[in-house]
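These are the structures, in structure tokens.
Each of the two complexes below includes subunit A, the first together with subunit B, the second together with subunit C.
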Partner chain A sequence: MQDVPSLHEVSRDLMGRQRSRGSQALPFLLPAVSILLCFTIFPFLFTVALTFSRVSLVGGLKLQFGGLQNWIRLVQDDRFWNSLGNTLFIVAVAVSVEFILGLGLALLINRPLRGGAFFRTIFILPMALAPIAIGYIWLMIYHETIGPLNVLLERIGLPPVGWVSRRNVAIYSIIITDIWHWTPFMFIVLLAGLQSLPAEILEAAQIDGTSGWQLFRYITFPMLRPTAIAAIILRSLEAFKIVDEIFIITGGGPGVSTESLTLHAYYIGFLSFDLAYGATIAMSLFLLVLVVALSMVRITQRYQRVEV
Partner chain B sequence: MWYRSRGVCFLIITLLSISLLTAGASGQQKRFSGVTLTVITQNPPYIAKAVQMFAPEWEKRTGGKINLVTAPFGELYSKLMSSFTLGTAAYDLSLFASAWMGDFAGNKYLLDLTDRIKADKDLKWEDILPTYQQTVTWGGRLYALPIDGDVHTVYYRRDALENPKYKAQFKAKYGYDLRPPQTWKEYRDIAEFFNGWDWVGDGKKHYGVLEAFKRGGQAFWFFMSHAAAYVSVPGQKGNMFFDPDTMKPQINNPGFVKALEDWVALVKFGPPGMINFDSGDVRSQFAAGTAALALDWGDTGIVGDTDPKSVVKGKIGTIVLPGSLEVYNYKTGKWTKLTKPNVAPYLAFGGWVCGVMATTKHPDAAYDFCRTIAEPKNSYIAVTTAETGLNPFRASHFADLSGWKKFGFVEPDLSSYLGAIKASLSHPNAQLDLKLPGQARYLDALETQLARAAAGEISPKAALDAAAAEWEKITNELGRDKMRRLYREWLGLPAK
Partner chain C sequence: MWMRVFKAVFIYAALLAWSVFALFPLYWMVIASFKDPLAVSQGPTFIPWVDFQPTLSAWKAILFGIERETIRGPLVNSTVIGLGSTILVVLVGAMAAYGLTRFQIQAGPFRNQDLLFWIVSQRIMPPIVTGLALFMMLRVLGLIDTRTGMILVYTAFNLPLAVWLMHNFFQQIPPDIEEAALVDGASRGRVLWHIVLPVSLPGLVATFLFCLVFAWNEFLLALILTFNRARTMPILIAAQHSQRMIEWWSLSAMSLITIAPVVLITLVLQRYLITNVLAGAGR
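Entry: the complex of A and B
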């Protein structure tokens, strides 16, 4: 009769094998872990350290512990609050409009349509362009004397608009550019969501005589909600970092009326070379994005629980 | 047969000698064989073109190689500072703004070139205008070679300001004769008079003035050019930036506030969108015939007379910056009324210079390349070639007009152009640009507030008060005593 190993022995054997596998896996994991440490973890920790430092550039980079002075300066900095307000405004307006337009386009294309593939391609083209290129395209469009927008306005007898030279208009010009650039992202994600919905439920509802609006309100949209929330989260996270288009179109002006948090951090960190305070602004953006992302994930989970 | 073997030996020795002599000679010519210099400067064409122009000749002459790295102007300072502070020794030399000398030479990031310059007779150091010799001097030592001369001047359309009909209309409206502006008040009136109507007769609307108001678009220097006349008491030092005794910022004193009020008022006398103009826009718009007046560096004159697309060739007058009939004395805290305008040409930006990094492994080669750009013959070619972005900085550049004419300049534009630059540089009340460690921080802090004032977000006084408060913070952070010592040293005042 064969000896049956005890539970303790089996467990010890399994743990031993796991340990051995772990030590075998280590050399394979090491390169990836090293790269992660070098290029992600270390720069992040260094940025955190900078926010609590005083930086001297005399005779090379020297850090001194500065306590909370950068964070106190941040709270007292009018320009920080202005750029935070601008960023939140751009994110709120641009992402909302992009979602509505993207959803509308996705619903339009998600039906048998002649040339549907052609329109799909056309709609996503702006997303394929680099933000810098888009900045220059819209800079020309907004040009006050030779830009097509004002030429068009003049042709129909309307006065020209200071698209990028008037304080109260410039931020909307930035938002329009962002909407043009990123609506395709919403469109493509929501279209994919719509196409993955179970067709039998929609067909059953149609057989039951549900109107188009009721179908959308009570069936399509609730089923699409997780995809919609994911699209809004992803787009918002990206929108918080807006910089390229503003840099090219207005440079943050007129005055500081279109300066975003990232642009403010860039000016402070790389134009004034105030590295510690620039890092503090960047870190505040990170914290803001983290809070927004966690809140949105929680909202998603709540909806998923409700649906279950 | 002995003579035959002797003949062979003779032949071999002769051939060997020739080959050795040749090798020796080529070794002397190819002084830097195997050396590769990495040069960093602004994106082409402007400034980088000077490197591109002279690198092939230098490579052929010395056997060395030039590896050109470029960055947009807005990123050049940060790239250089990153390299210096991280000690990467990524570059051997750089063509950079002399305004950064305080950060670079003050922190010993640059090689001291004093002895090399003094020993280099062919460089003709004495031919370089004293003003520009000063831009590369730090603590009595020379840390770079000037390759560019920068000063702001005012350009005007002669066909507009000399038109008898417009002269009569102007006199009727303002009560004095229309002429190239001698004061900032006249400048403002001319800008207003020519704004928003077709004074060219081509069926289009034309405007009064062109200046750069965009943050990050050189607005700092444009504002300072206005302020200089209001605050520069002739013969008195420390009028422009800080009180040299206390390092208290001067930029919110009544002279600067008056200058900012003038400057902000000009926004409405320019083309739509001028609030977002940088100096590049000033040049292209003036050459396109948009406005009657423009304030800029030498480039507007060059583009206006030499660009094939320019519509103002042969119609450009250039003058020294206008003055003011009152000047604010920061020491007495009072305005002084004058009968003749107080003129204070502003050496905005101070010009581009070529410096060698302290960390280079090839200091001789790097210096040799810098002096190749700076020496009399090549620098004359550079300042009279399109798109180099380099303006005259040697006395000899003003003496020989042939290169300028070949460049495309026509009379009387050329004499007016060179005359105004020369008069500005030799003016006894010419004001130098700020050259201190942290210059970029001071500049950005002021420019942000200037942009806010220009946009109407806040009043000129509030903008300058905010900028002064920021300057105080920067000075405290960098060390007030140290900054005072460096500032006084730069002004040539005794230590305190």
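Entry: the complex of A and C
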């Protein structure tokens, strides 16, 4: 009886053999890999080539090797440094505020609460909306004569603000819009993190009489940290690409005071039709995102190693 | 006792304050779509019937009147491109995720985890980087400003997300249920189609809806790659800006038409989002 392998053992064996034959996976992976090669990797390599090229559009598209001239121009271009600075500023301020507010809201709602599901639905709503529509919503709100914001300020006795027309104010208007749009993301990710924490540990600490702040500082937050890091990484990587709302609300203005890297690359590449230089600005954004992604992956790994 | 009451009041006050912040802009857009041009230009008014008389004229113009033709093309394009690319990305993503979870891959030094990372990491690629090259590429292929071109581009755009989500779902399915079918001589393709996909239907639906929302809302690539025939709702809305005076009432109605399906999807998805998708994200 023992010589006859059971059905389960046969199938285990079969699965094992099939698992080891990796070439069988090829037909399953081929469509995905070829789509990515055609529509992401190839265009990416083409853009890399563009950054080292001179492009002429006279009589059809012609590419000539142009050496480092686009990159040299980039380093000397004040407008590039301006859009890089704007992008970094928006990411730093918006992501920090979104994290703090998202964490606060998640902590508030992570308890038995009448109407909790109702509030949760309202809180995540802005995240799903089309950025273009969000841009217009806020353009209306910031409008200096027919918008509600300045009227409300006036009623409480404050002077009107040039939300989108003042140089040093406009970028904060963009940041407020981003906070409205993306705090929901931080909120939902951190709430999911809080809800997956082991309840026994928290309960044990509460029975021991740990105060609310101590509980958060020494128990909840350390356990939540991996989720928090993941949320900040994911949000930052997206925030670097900010363009849609700026396109609608300020168009990069006044002057170039709210121009982000993506918007700058778009203007140069498609409005000035300087494809090679537009590609170079876009590539600098890619390098920035890559460096941030790699360093954040390393930070995460180091943190995990310490933890283990 | 007083402490607890005080705490409850504080919590509800904070939740209510953020709700007002989150909802007021949407409220403003809704009431703007019911204002007539005069009510908008005379300065902000807040409450219908109290400080302005609501009118259906903007909605009538869009749904039955002069603007109907303007909005129809982009709405059809958005729907076709959104659904087409999402169906494609779910199919292709499911196949890739199945390949990654059920086989041991070894291509040179690369294994399953490396391949998964390679696919998922493409999500960080800024669209502007590929957009410039895609513009030239699609022009050469004759796919510029076509729905087919946009479907392919959005499929590539959503593929990393789809593969990542489906990979998580497929990992949770015990391989035991597939074993019997394999023993009976079913091919891997049949197992995926007849066993794995039906079992993971909730995950499939979630992935579908997520990708649909991203494709539906996408702006920059559509701005670069469409001009006229294939332009989508976000492009139509953005184009209202270039007019000398923005017609806020009709713009608001158009925007609301664009965001309405997504709001519905969010209401369906939100419970699912926390329990199934994000619960393991931190690990």
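By definition in this document, the second predicted complex is superposed on the first by the 278 of 308 C-alpha atoms of A that agree within 3 Å, B and C clash if a C-alpha of one lies under 4 Å from a C-alpha of the other, contacts with A are read in each partner's own complex, and residues count from 1 in each chain.
By our rule, a residue touches a chain if its C-beta (ideal position, glycine included) is under 8 Å from a C-beta of that chain, and two chains touch if they have at least 3 such contacts.
As the structure is a prediction and not an experimental result, all values here were calculated from the model.
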Which superposed partner A:145 touches (first subunit B, second subunit C, both, neither): both
Which of subunit B and subunit C A:91 touches, first, second, both or neither: neither
Subunit B versus subunit C as contact partner of A:164, first or second or both or neither: first
First (subunit B), second (subunit C), both or neither touched by A:270: both
First, second, both or neither for A:250, with subunit B first and subunit C second: first
Which superposed partner A:103 touches (first subunit B, second subunit C, both, neither): neither
Residue contacts on subunit A - larger count, subunit B or subunit C: C
Subunit A residues contacted in one complex by subunit B, in the other by subunit C: 61, 145, 270
Subunit C-touching residues of subunit A, taken from the complex the two chains share: 7-8, 10-12, 14-15, 18-22, 24-29, 31-33, 35-36, 38-40, 42-44, 46-47, 50, 61, 101, 104-105, 108-109, 113, 117, 119-134, 136-138, 140-141, 145-148, 151, 180, 184, 188-189, 191-193, 195-196, 224, 226-227, 230, 237, 240-241, 243-244, 247-248, 261-262, 265-266, 269-270, 275, 278-279, 282-283, 285-286, 289-290, 293
Footprint of subunit B on subunit A - complex, ascending: 54, 57-61, 79, 143-145, 160, 162, 164-165, 167, 250-257, 267-268, 270-274
Parts of subunit C lying in touch with subunit A, wherever the complex brings them together: 11, 14-15, 18-19, 21-23, 25-26, 28-29, 32, 40-44, 46, 92-93, 95-96, 98-100, 102-107, 115, 119, 121-122, 124-137, 152-153, 155-157, 159, 163, 175, 179-180, 182-183, 188-189, 192, 213, 216-217, 219-220, 223-224, 233-234, 237-238, 240-241, 248, 251-252, 255, 258-259, 262-263, 265-267, 270-271, 273-274, 277-283
Contact footprint of subunit A on subunit B as seen in their complex: 74-75, 77-78, 81, 84-87, 103, 107-108, 214-217, 271-276, 437, 440-441, 444-445, 448, 451-458, 477
